[in-house]
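What follows is subunit A paired twice: with subunit B in the first complex and subunit C in the second.
Right after this comes the complex of A and B.
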């Protein structure tokens, strides 16, 4: 009985050791997360507005399989993306490559934002100056004209009384 | 401070620069839209030229690639397909049978172009259906963009001996006789 328990212990112990060994062996196979890390940066031309990692079509499933295959071959993320660009064109990339007219996509928004900030700052500065002038008792010309008109109107009213 | 001084605006050259930039941007956007909305290559117009690099194991007159303009004087049947496309599977046997009928005469050339397909799957498809006519991938999707086709697969384009586009078949051919009738009509023109 004692020896049977010991044997069972040995078997269970061996199995617990085997588990991690198997997991380690499978560790070299790319996981779905590994595949999706690259896939989310790609778009297949069949379904243009859906990123590859969530695209449900058969075409996209095959593309993801291709990524898995290349990862298993030891290819880097950059090499895989370059393969897809060579094979299907730059339009598969989520971010257009920084070259030629594509630079507009990167340069125009910051330039427009900077211009907007400049206009806003200038306008705010103008308003601030205007407020300071008024608080120091200065009167702008139209205000002076209105006051003069009021003074004359009151004068006329007094005369009639 | 006078009112005129307060209203002093940005200098003229800055205004010009801003307007030029806006105009330039609008022109670029307009060009992009025009390019995107261009109609598909139409029947009767010259077929855009392209160079098709063939899959390993395929050749055309011994060369690993084929240029459309080099085929002037022959009727060219260009079929866009993909391994993930079910109708393409139905059509594969029809195209291969027709190719074997016309190949000895040399008047008709069939070209298969794998569209947005992965290379291993394309090769497996060709092997599965025993496709013998020249086939290659649409590298960079350059050929499909030249033909401005976005409708899916299969699609078949017929280029006449004169280099003009004669017919576009959207969807699969259902029978060899259907394809044969069309080819014979175009050969008779």
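Right after this comes the complex of A and C.
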């Protein structure tokens, strides 16, 4: 049961990383906003980590014009993106495409976090068991150490009420 | 002459640091107090020496000594003197000198204060600090020397060397290349020193932790001694991050403050472990628990501090191949590996002696909740670390470059941050030792109901976006819980000490600065969260080319293009400034002046937005620099960034909170 919830956690987290499926729309007379809608999801193939919609280089200005032309030709957002991937490689996308080696990008974090939760759960369980054994052994359970300041505050409040 | 002096002092300081290291080790091994004292004196000498070297470099920078290659690369005659001086950290070599100077300053401070009281730990603190300082000095002396000068050979080639090579003449360029225009913003002048202060300050708690491991002191002495260091380190690192965000918002011209860029994440990662550490040490102090975990956290923080410097300094981010070609990349890599594995080895060796005296008894006790908080911070770290590392691995193993951008980080970290916010609401209501779901539930339900009411009001008046509503609920919950905690304590003080509400409030901070400073930080974080939610979920933008008197409309605002002017600025900039009238409906709100600053020496534009900040939103107008700008047509990009100014307000309150928490607790001594 526990391993199933663990598996479920990994699947849910991986799905969170994968994100929603995109749906695109395009108009016949592309405006700057139409161009930017696609350009902001593409990364400059030359500069480091710069989205195409804000990159000031001449090359990026030309690529934005390319997007405008393709929109005018009636190409869909997905087709335009694919065009850039075919020409410049997967680095123009904001995330690694979900295939082959790139799956590691999406799977490693949930697996590591799940491992962290597993270690934490085991540690807490170990402590709880240890505690039960101790109290069964006849030792008096030490009185819980409450936060001194809060305790005093509460005490004062009750006295005055 | 000055360059030779500056370099000579650096070389001498490097050997002096090696002497400190050797003498401290030998003195401790042979129990020779005089030798250890000599190590301390040597370390104390490194700071004036590095000050002399840094001042020499600043003198060269300010006085246009372009024969020195570093001066040529980062300054020019048209730059004002203050920018020339702060160009010290505008380039690689100078920033490493600055790093080393801070490191020696902090180590000297530690060595000067209470040496006799902490005589057991301090020699080992010197050893760890000297290892770090010697590493950075070795980088400067052997690989990134800021005092190299230009020399011209008989064949006309230009070479770089500190001392004049045979058959060469000095080569002095008439002007320098000048600092990258992006770095000339006030935020960027303060941002790197703040980050470096944060980075270097975290070395001190790490050095004390290692000293505790080496001397086998399993108590929390090292934590007591470095409590304030940690808070200041956290303050500076946070300041560095916020100033970096503000700089990006004001200068980079993309309408945002955080792009999940690897360079940003490099500074964010030690902040994550540092924040987890800050919470976790409280448990060790209060309950004697998590000694091993705190060691892991401070080792990780130190490793991430060096890793952050490595990421930004080695060229590894542009390409793994650039890293292999960079002189200092492999050195950094080796140093991180050496310090990380030796620290972990030492921790494993002392593992048993660090076992807790007490154990967790309740899942809902404050220590449990702090542990969950640590798990969440570590989870965010895992996402960030993997996101930065993956493109490098992809290039290495598949020869394919990929980008890991904002959508990846935002989807993965949003639920983790939401869980952290929930804990921020619940943890203050739990108690140390034992607490049950019922006791927490009893304390939490009133603030939760109040937060739900706020959410309902927002549902009908502001937004029906589900993610935003969850976010606003959590923000309201944390705010109500924290304010309730303040109210409860103020009420108790008023009754107990017959104080008026203001003195009760004031004295509360004096009574327990760390707790109430921490609560102020929590409130500030929620104000920042309001800003982040606003801009992330509700940002609107539009772009259009306008002729004079034409308008763009966005989210109730109308922007009318009124005028444009082009003029030279005193510092050699060529400024193109547009005048835009802003209306909301028919109401005239004022004028904005977006502009493009062109720096001829760097052949680079900067797009400076015209902004109209209010608590409701920030109207942010850019003159797009890749399109021609004239009276017949100029392209404007307009953003409406809802609530973003709460982020900057929250940042101010955040610093107030940390200052309260880090301030010495005088009243406690007098009262007790």
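Everything below uses one rule, namely that the second predicted complex is superposed on the first by the 102 of 161 C-alpha atoms of A that agree within 3 Å, B and C clash if a C-alpha of one lies under 4 Å from a C-alpha of the other, contacts with A are read in each partner's own complex, and residues count from 1 in each chain.
Note that in this section contacts are C-beta pairs under 8 Å (C-beta built on N, C-alpha and C of every residue); 3 or more make two chains touch, one makes a residue touch a chain.
Just so you know, these numbers come straight off a predicted model, no measurement behind them.
> I'd like to know which partner A:104 touches here: subunit B for first, subunit C for second, both or neither.
In the superposed model, A:104 contacts both subunit B and subunit C.
> Tell me which touches more residues of subunit A here: subunit C or subunit B.
C
> Which holds for A:113: it touches subunit B only (first), subunit C only (second), both, or neither?
Touch partner of A:113: subunit C, not subunit B.
> Looking at the overlay, does A:124 come into contact with subunit B only (first), subunit C only (second), both, or neither?
second
> Of the partners subunit B and subunit C, which touch A:63 in the superposed model: first, second, both, neither?
first
> When the two structures are overlaid on chain A, which partner does A:46 contact: first (subunit B), second (subunit C), both, or neither?
first
> Quick one: classify A:86 as touching subunit B (first), subunit C (second), both or neither.
first
> Both subunit B and subunit C contact which residues of subunit A?
Shared contact residues on subunit A (touching subunit B in one complex, subunit C in the other): 58, 61, 89, 91, 101, 104, 108, 130.
> In their complex, what parts of subunit A are in touch with subunit B?
So the residues of subunit A in touch with subunit B come to 44-46, 57-59, 61-63, 65-66, 69, 85-89, 91, 101, 104, 108, 115, 126, 129-130, 133, 140-142.
> Give the list of subunit C residues in touch with subunit A in this complex.
For this pair, the touching residues of subunit C are 252-254, 259, 261-262, 286-287, 317-318, 359-361, 363, 366, 368, 371-372, 375, 378-379, 382-383, 386-387, 390-391, 393-394, 397-398, 400-408, 411-412, 415, 431-434, 488-489, 491-492, 495-496, 511-512, 515, 541-545, 605, 607, 625-626, 635.
> Which residues of subunit B touch subunit A in the complex?
Going through subunit B, the ones touching subunit A are 1-3, 6, 18, 25, 28, 82-84, 116-121, 137, 139-142, 145, 152.
> Given the complex with subunit C, which residues does subunit A contribute to the contact?
It comes out as residues 13, 16-17, 19, 31-33, 36, 43, 48-49, 51, 53-54, 56, 58, 60-61, 89-97, 100-102, 104-105, 108-109, 112-113, 116-117, 120, 124, 127-128, 130-131, 144-147, 149-150, 152-153, 156-157, 160.
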